[in-house]
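By letter and in written order, the chains are A, B and C; residue numbering begins at 1 in each of them.
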Amino acid sequence: MVEQKNKPRRLKSREAVGDTVFRGLTLGTSLFVIVLLVGFVVLLLSDSGESIVKFGLSFLTSSDWNPVETEVNKIAFGALPFIFGTIVTSIIALVLATPISLGAALFVSEYAPRWIGQPVAFIIELLVAIPSVAYGLWGLFVLVPFMRDVVEPFLQATIGAVPMIGALFAGPAQGQDILTAGVILAIMIIPTILSLSREIITQVPKLQKEGMLALGATKWEVLSKAVLPFARGGIIGAAMLGLARAIGETMAVTMVIGNSSTKITPSLLNPGYTISSAISNQFTEADTAVYFSAVVELGLVLLLVASLFNVVSRVLVTNMAKLPGGAKA
Amino acid sequence: MVQVQERPAESKSQEVRGKVITVKDLSAFYGKSRAVDEINMSFQPGEITAIIGPSGCGKSTMIRCINRMHEEIVGASISGQVLIGDDDIYSPETSPMRIRRKIGMVFQKPNPFPTMSIHDNVLAGLKLNSARLTEPEEEVVERCLREVALWDEVKDKLQTSGVALSGGQQQRLCIARAIAVKPEVLLLDEPCSALDPIATLKIEELPIGMRNEFTIILVTHNMQQAARVSDKTAFFLGENGKGGRLIEFSSTTEIFTTPKEKRTEDYISGRFG
Amino acid sequence: MSALVVVSAEVAQRGELRKLLRRQVMNSFMAVLVTFLSVLAVSILFTIFGHIVVNGYSSINWDFFTQIPKPYGESGGGIAPAIAGTLIMLALAGVVAIPIGLGTAVYLSEFGRGRFASSVRFCLELLAELPSIVVGVFIWAVLVRSVTGYSGLAGAAALVVIMIPIIAKSVEEILHLVPDSLRESALALGLPRWRVVLRVVIPTVLPGILTGVVLAMARAAGETAPLLLTALGNSFFNLQLNKPMAAIPLQIYNYAIAPYDDWHAKAWGATFILIVVVAVLSAAVRFYTRSKKIETR
């Protein structure tokens, strides 16, 4: 029997029915995942379509949020106060959380012996397991009074007296305001930034550190001149991840931010909204088609912003190893 | 110089199991690169054949073509035929699983199933396939463990985990597992290379006892092992980019005392490889 | 001349000393700062936990678990409907999310190669990063507005979206830890792929898989925002999936923002239970997986 010798035969093994079914089932679930995500995005886009078309860019730039048509005010949905609130609270959270997380990360990976460092990291990362509403509850009944009675008066008395910057702390100290929301967000994102920073710091090649130590550098100098510069991209990436989480946070924020004022003021001591708290506050009232569409558009905006920071974070973290100064350990 | 032992006079009993395994013009590919080149050889039932050669000459790849494990690698393919008796194992109606139940394999690194006891490991090939057992479980376990000289060492701890044994014991367990399904052919892919010399010796004795019951193909880079254990020996050599070829194939005595090819002689006397 | 040299050498030495001192002070300062920041983070955690335990513990009694809420102003009663609602929605969500998550993980680890698999992984990443309120908005727009109204069913659907990526990602990671040699030896015995996966691979890592599932459930149990827009919550006892359903986190939220002290106390109590269940499970599971490795030698 003469066979084709030169063409390698594609092996088509006859699989048992079971294998085909099995592969088909698992393929099906995977397809579902893709369909779910695609459907998710498509749906958000289509349902917010009415609002996008009607308000266009003013959705993002106008402060007019009027769900109810009156003689004086037409229906308008300008989400700027919400966007403002999201930005400001997230920045506060980032500013407060990053030093703490970074410090703790350095402590755990560089300063503390393993038997202290590991449990400390474990404990701090337990913060992640606390549900958002628990943070909200604690924020509402513990943090808010504390801010109102202790911190905010203090800030008003000190920085508040300084011209220009003092405007940050103007107005009555109510406790339920943007500043408090920022603080609670900071607490919530500490473990996120911490765990990623830890990973990144441990990836710094030991050679660099040892080289500097051998030159007689102090521990801090090794960290600040060899480790941190190398890890800088990744740490920023960790901060971005924390930021993404803060942006998407809802319950804790909605319980401490006041949800009452759509005026944009420079004072952090005023109540406000974030995009997510606005959604949670208003969705039950969305009885007209355009209101509904506006709320969905809020969700879309939130999704885009949070996703943006997630992507930035991932890019920064994966590119860290490729920065000059060291190959991946 | 490799010592070849005098083999006891062949007592070809009537119960030689199995059929002749024939490899015809077999080439194996990983994607576009050829790992094995136009192999033609046959394995007589009940005999022990050793395949020797330097690393990378395609020995393992070739025997993986015999039990159709080669195709489990993405992008792998073959050309040519492998026959059991007259049946082409690569015919489209033949399921690879059926072939693998007839042609068992023991791998280089012992890998008993970690969540199963010794008892369950031996029976794994039968029970996981929901095969009906013709003998009671305990008898199968004892028979197979005796055949691999493991019974005395583990008979009191059959319910303990399979991975709690030493490397050599684990490998014998894997051999027991392979023979429990009563294959016709047993492929041994460098079974001792991950083991210490004493464990190696213990395992080397096994194929000799199994002769006639199985057709055994032993891939090894240890020439002394090949000389000690096998009836026939095949020498493979890979040329750059062209895949491994069968250089010489004859009785073990001949290969190691009067090889016909210079390359064989060079390899055996340690001039390379 | 030499005097000048000696003097300038001394000055230089003193300068060197000063610099060295500065460096050492800086070093010690940073060490203290770093330690302080860690202590700060740890104490924040303990503070929060402490408050929850102290404030919540007193509300816990048998009634709390078994009774329905009393109307405004009346004290007593419990959060039984919320507990029931959480359990029902978790169970329903699990029935859908676990097979899908597992199936996807198995596909990616056993079959998936090439562009399709990468796309699936990418989708899982994106799904995992979705803010939970947006998940709520999605189900709100798809189901609540037109199909089911505010309901336990919609709530379960939102939890499904949240659970799938968690389960799929953690199980895939675990399956990758199984060495290929295990699959090979099972295949070499003549087992079909599906048996290899179901009877050899998965049993080898079953504890890890259960871990992933438990973690996903713990996450879902604590989620509020997606349930807010879907299940809405209910002050009456309701086990019907087509009506608004209570859930523990929703109950906490509703009690917390109400003006009644008794309800505030109950909110603490419910939070206490939630923390105990969610956080302890997560911590235990994390601790467990750190010390477990696959034993294949």
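Everything below uses one rule, namely that a contact is a pair of C-beta atoms (placed from the backbone, for glycine too) under 8 Å apart; a residue touches a chain by one contact, two chains touch by 3 or more.
Computed from a prediction, not measured in an experiment: that's the story for all the values here.
Visitor: Among the chains, which has its CA centre at the largest distance from chain C's?
Guide: If we average the C-alpha coordinates per chain, B ends up farthest from chain C.
Visitor: Report the chain ID whose CA centroid sits closest to the centroid of the full protein CA set.
Guide: Answer by centroid distance: C.
Visitor: Using Cα averages as centroids, what's the distance between chain A and chain B in whole Å?
Guide: Averaging C-alpha atoms per chain gives centres 57 Å apart.
Visitor: In angstrom, rounded to a whole number, how far apart do the mean CA points of chain B and chain C lie?
Guide: 49
Visitor: Where the centres are mean C-alpha positions, what is the separation of chain A from chain C, in Å?
Guide: 15
Visitor: For chain C, what residues touch not just one other chain but two or more?
Guide: Touching at least two other chains: 192, 195.
Visitor: Where in chain A do residues touch at least two different other chains?
Guide: 15-16
Visitor: Mind pulling the chain B residues that touch 2 or more other chains?
Guide: 97
Visitor: Which of the residues in chain B end up touching chain C in this complex?
Guide: Listed in rising order, the residues of chain B that touch chain C are 67, 69, 72, 74, 97-101, 104-105, 107, 109-111, 113-115, 124-125, 128-129, 161, 163, 167, 170, 174, 177-178, 181.
Visitor: Which bits of chain A are touching chain C when the two form their complex?
Guide: Of all residues in chain A, those touching chain C are 15-16, 18-19, 21-23, 25-30, 32-34, 36-38, 40, 43-44, 47, 99-104, 106-108, 111-112, 120, 122-124, 126-138, 140-142, 187, 190, 194, 218-221, 223-224, 244, 247-251, 255, 276, 279-280, 283, 292, 295-296, 298-299, 302-303, 306-307, 310.
Visitor: Which of the residues in chain C come into contact with chain A in the complex?
Guide: Against chain A, the touching part of chain C is residues 23-24, 26-27, 30-31, 33-38, 40-42, 44-45, 47-48, 51-52, 55, 99-104, 106-108, 110-112, 116-117, 119-120, 123-124, 126-127, 129-134, 136-138, 140-142, 145, 161, 164-165, 168, 192-195, 197, 218, 221-225, 228-229, 249, 252-253, 256-257, 264, 267-268, 271, 274-275, 278-279, 282-283, 286-287.
Visitor: Mind listing the chain C positions that touch chain B in their complex?
Guide: 113, 179, 181-182, 184-192, 195, 199-200, 203-204, 206, 294-297
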